[in-house]
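Read through the structures below before going on.
Two complexes come next, and they have one chain in common, chain A, joined by chain B in the first and chain C in the second.
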Partner chain A sequence: MALLTPYSKIPELNTATILLIENEERFQTKLADAIVQQEKDVNVNVRLARKLPLPLENGDSRPRVDLVVFVVSLRSERSLQAVESSLNYLASDYYLGKVCFVVTDARCGTLAQERMLRVRRLAASHHCPVLCAEHQTEEGIAMAAMRLLTILKVSAGLSPMATTALYLSSLTRCAAAPELDDD
Partner chain B sequence: GHGSARQVALSPRSRSYGRSCVEPPSLFWQTPGRLTALGQRTPTARGAAKAYNITVRMYTVALLVQNEWKLSYVTPLYRFQYTKLKLYSRHLAAFILAEKQQGVAVEVGMEAGFRVTFSAVFGLAEKEEDAETVFIQIYSKPMFAADTPKMVWRGWLTCVNGDPEYLRSLPPDFVSLPLFCSNGSEYLTARVKSWFGRTFDCSFGSLCLSSATLNWLAALWTGCHPTCDIGYLKLYWSMPTQPTLDVEYTVNPHDAWELWNSICAQDGAEDMVSVEEVQRFMAGLETHLFRHFKIYLSAGSLVKVSTALGSAHQDGKIKIGSSDYITTLLTLLTECALLKTPV
Partner chain C sequence: MDGQAKTILQRIIRKIPNKKLEVTLKSWDRLSTEQLESLDCTQPKWLFLENLISRCGEKRLGLKAVTKLEMVYYIDNPNQGTWQAFQLMEAEDDAVSVSFTQFRERFKANLEEDFRHISIRMKKLEDGAIWIRIAWGDNFRKPNHLKPTYVVHYLQTPYVFFLNFMSKHKPFLYEALFRATRHTSIKEAHLSGRSLTALRDLVMRQYQQVFPTKDRTLKERNGTPLHPNIEKEHAEYAERRHQMACEAFGDGILPKLERAVYKLETRYRGNSSNTLNDKDELFRGVVKFSSSNLLQSFHHCVATGIVEGPVTPLLSSITQKGKNYFVITDKVPGATH
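== the complex of A and B ==
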């Protein structure tokens, strides 16, 4: 199985790489542009993919990925299914602070709460944070980019406060409340 | 009843890394975000559709059937009394007339007045805690005595198989009829809602049906097929393409039933239908379409479900086709209304 591993390649100086995975390929490009425009001090590489595993052809030339972001659209079931199957292709080391879930359309009134609950349970069982993003406005995209950059800099070891990705993840990871499981 | 207190015990999910002061995130600094009366609980299993024994007058049932109803949820009504229905009728009629004379009306009508009838429909409530259904009809009194009054608006408030724990927890003066269905002009619907709001201190909100609810309906209605011919199973999907692609997927009822039966037969529990079975049923239908047309229905959203027993639209519009399995539909809708009602 072609697992994506976090520590098998040598990191570059003052560089961070983020991998955005989205089945619909709608939010990815806008988010990527916003991320690259916002960050001035660090070199940020943004890589886009539809799903894991990544194709084997360019495997050697790819940089080390510091943060894997799964973008889930709550409007379609397929989005969540694609993410669930992609999770199997990440090495377990990634789940120690280098994976993040971004959810769009969480405020849509006609949707059931069940899909959001499933995302939260999935994130909680993998110890990852869940961010809700607004993908239709400029401000929303900029805000999501800013939040991802904050997490990325910690995951890449570039945070000035000597924070590790694992420590940050223990603070930000999604906690599914016990009563969600009980009933 | 529920005697045991639910303990919120948090078992530490992981040993802290290095520092002992780092604890796993606890609930104490997080608001659980419970915006609705019933929290986030969604049922994982429900009873299979049961045939309805008609103990209600045929005339009233005939009024419910064959009309398109727009759904709303209602918060509990304060001091609503079934003995005062005639009084309420007079008040509502006077209120509508007064509003019209104030110039609030947008409508141009030649009505001399309105006659309102409130009636209680017995037989729909299933459990002891359910309040009886209230049916409201508005007739317009014509200018000339020769013309017959015309029914211009009708609506009903109901509670079928509501969550008993929640209903019992309501203070004594409150009556909960969470599902409100209306048919008629928007203007009159707004007047009726406004009158209810003033008289019983309740509020209304629009009720949209999620795809999960529509999936349940599709499965439950298909399960009725052996005893009552559903005629067809039509699913309407909307795909997020440019321009939007609308898919109307018609399934032969017997084929749908065979698929449903093969899924249910595996589990054995006769009376209860679980959410996994519903998901497998829908997945089966989706894979079938994919095999023929290479379209992933799960990338779009289910907008409408329709059989001969009725139809339900995502926007909160339903049609009741027959009185046979009406309680199943109403139970599901009551639950949706209760889940959406804010605390």
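== the complex of A and C ==
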């Protein structure tokens, strides 16, 4: 099993790499554009993928990935299933503040609420934050990009203040809903 | 203009939407320019019809001209019902050299031999299609112009398309087609749909086909290039899926097929339920796919990875065999695989 590991490569100067994983490949390109266009100070690389594991042949050209983002569309069951299966291909070091969930389509219907709960439970059990994003408007995408960049800078060690990914994640990680507390 | 012609004219005018009236009347080519200008297509249909009838009266146009109007409208707007495709088989030696004149004479002569009252109109279009309008009568009754059958055939191809086709006329029509095209048998192509052009494109392969190639080069499909800092991990995989979709369903604008039907006459295989697992009885069922553009939908599903490849031959044979009705049976009764 080809695990993706965060510390097996040397970081590059003033560079951060974010990996966007979305099974449908709808939101990720727009989000990626917004991310590279918003950031002017730091060199941000974006890698797009449908699911993990990543193809082996790209292994050498791929820089060190500082933040893994799972994009879940609540409209589709497959989207969530793909994320669930992908989580196994991440080395455990990533779960110390280098993984984050982005949820889209959270506004639709009752089914979405069920899935939302499942995403929250998933995130809580992996100590990751969950962001809700609007993918239909320009502002929503820009906002999501901004929030991801903030997390990315911390997890890539580019934040000027003495904040670490581990410290940030303990503050931002998703708390399970009260009725789920027992697990 | 007699009563029958008026009734038919009324039917046709009712069918044509207001915005298409002017174009249709122009291509009808029976009224003079002044007469056309004096007609107001925005009027209510009944008033328009009265004016039109009086113009036709001035020109002494009768039933024949009216049936031509209907045909003109159908040729421009063939999506008027369900077209069925048939395939002519066993061509004789001179089938390749049949000309339109020969075809017309033989076809008409043959049907007129069988029926005392029948009205046949035929027109050859620029793209080679022969449009035939047949109003059926019999030895005692006049042709019924309210329910005409339309036949479209492309010379030197084995395909014929029927619209409003009644089984009681089948043997006569087949016979006339055999004589006119010099074939000796015909079979259903198991292809039907509202869009005549889609059926034609499908059976004659007039869409952009993609064939498997050994040297796959990554071509830039969508025009917008990515920012240099953005890289796709699964680019090659996506390219492969796109290639697979194109090989199965074609590329570019696909024929607008609206449905595909699979009739299952197979045995249920599985060990979940004992009631379904009856070894002697067939598990009968019908699976229908429908969409405004079915092939495009399948293409999209495969290309975006919603469906895992490879494409099942059941779906890809829609384009490969030019069919959209399939009966699926077990190859060997009772066998499992």
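The rule we apply is simple: the second predicted complex is superposed on the first by the 174 of 183 C-alpha atoms of A that agree within 3 Å, B and C clash if a C-alpha of one lies under 4 Å from a C-alpha of the other, contacts with A are read in each partner's own complex, and residues count from 1 in each chain.
FYI, a contact is a pair of C-beta atoms (placed from the backbone, for glycine too) under 8 Å apart; a residue touches a chain by one contact, two chains touch by 3 or more.
This one's a predicted model, so the numbers in the text were calculated from it and none came from an experiment.
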* Based on the superposed arrangement, let me know which partner A:A91 touches: chain B (first), chain C (second), both, or neither? => neither
* Which of chain B and chain C A:S170 touches, first, second, both or neither -> first
* Asked: For A:H127, is the partner it touches chain B (first), chain C (second), both, or none of the two (neither)?
  -> first
* For A:M143, select first, second, both or neither according to whether it touches chain B, chain C, the two together, or no partner. => neither
* Using the superposition on chain A described above, determine whether A:E77 touches chain B (first), chain C (second), both, or neither. => first
* On chain A, positions contacted by chain B and by chain C -> 24, 78
* Asked: Can you list the chain C residues touching chain A in their complex?
  -> 226-227, 229-234, 236-238, 304-306
* Inside the complex, what are the residues of chain A that reach chain C? -> 19, 23-25, 29, 32-33, 36-37, 43-50, 54-55, 58, 62, 78
* Asked: What part of chain B is in contact with chain A in the complex they form?
  -> 6, 8-10, 13-14, 16-17, 22, 24-27, 30, 32, 39-42, 208-213, 240, 296, 298-301, 314-315
* Asked: Where on chain A does chain B make contact in their complex?
  -> 24, 75-79, 81, 109-114, 117, 127, 166-167, 170-171, 173, 175, 177-180, 182-183
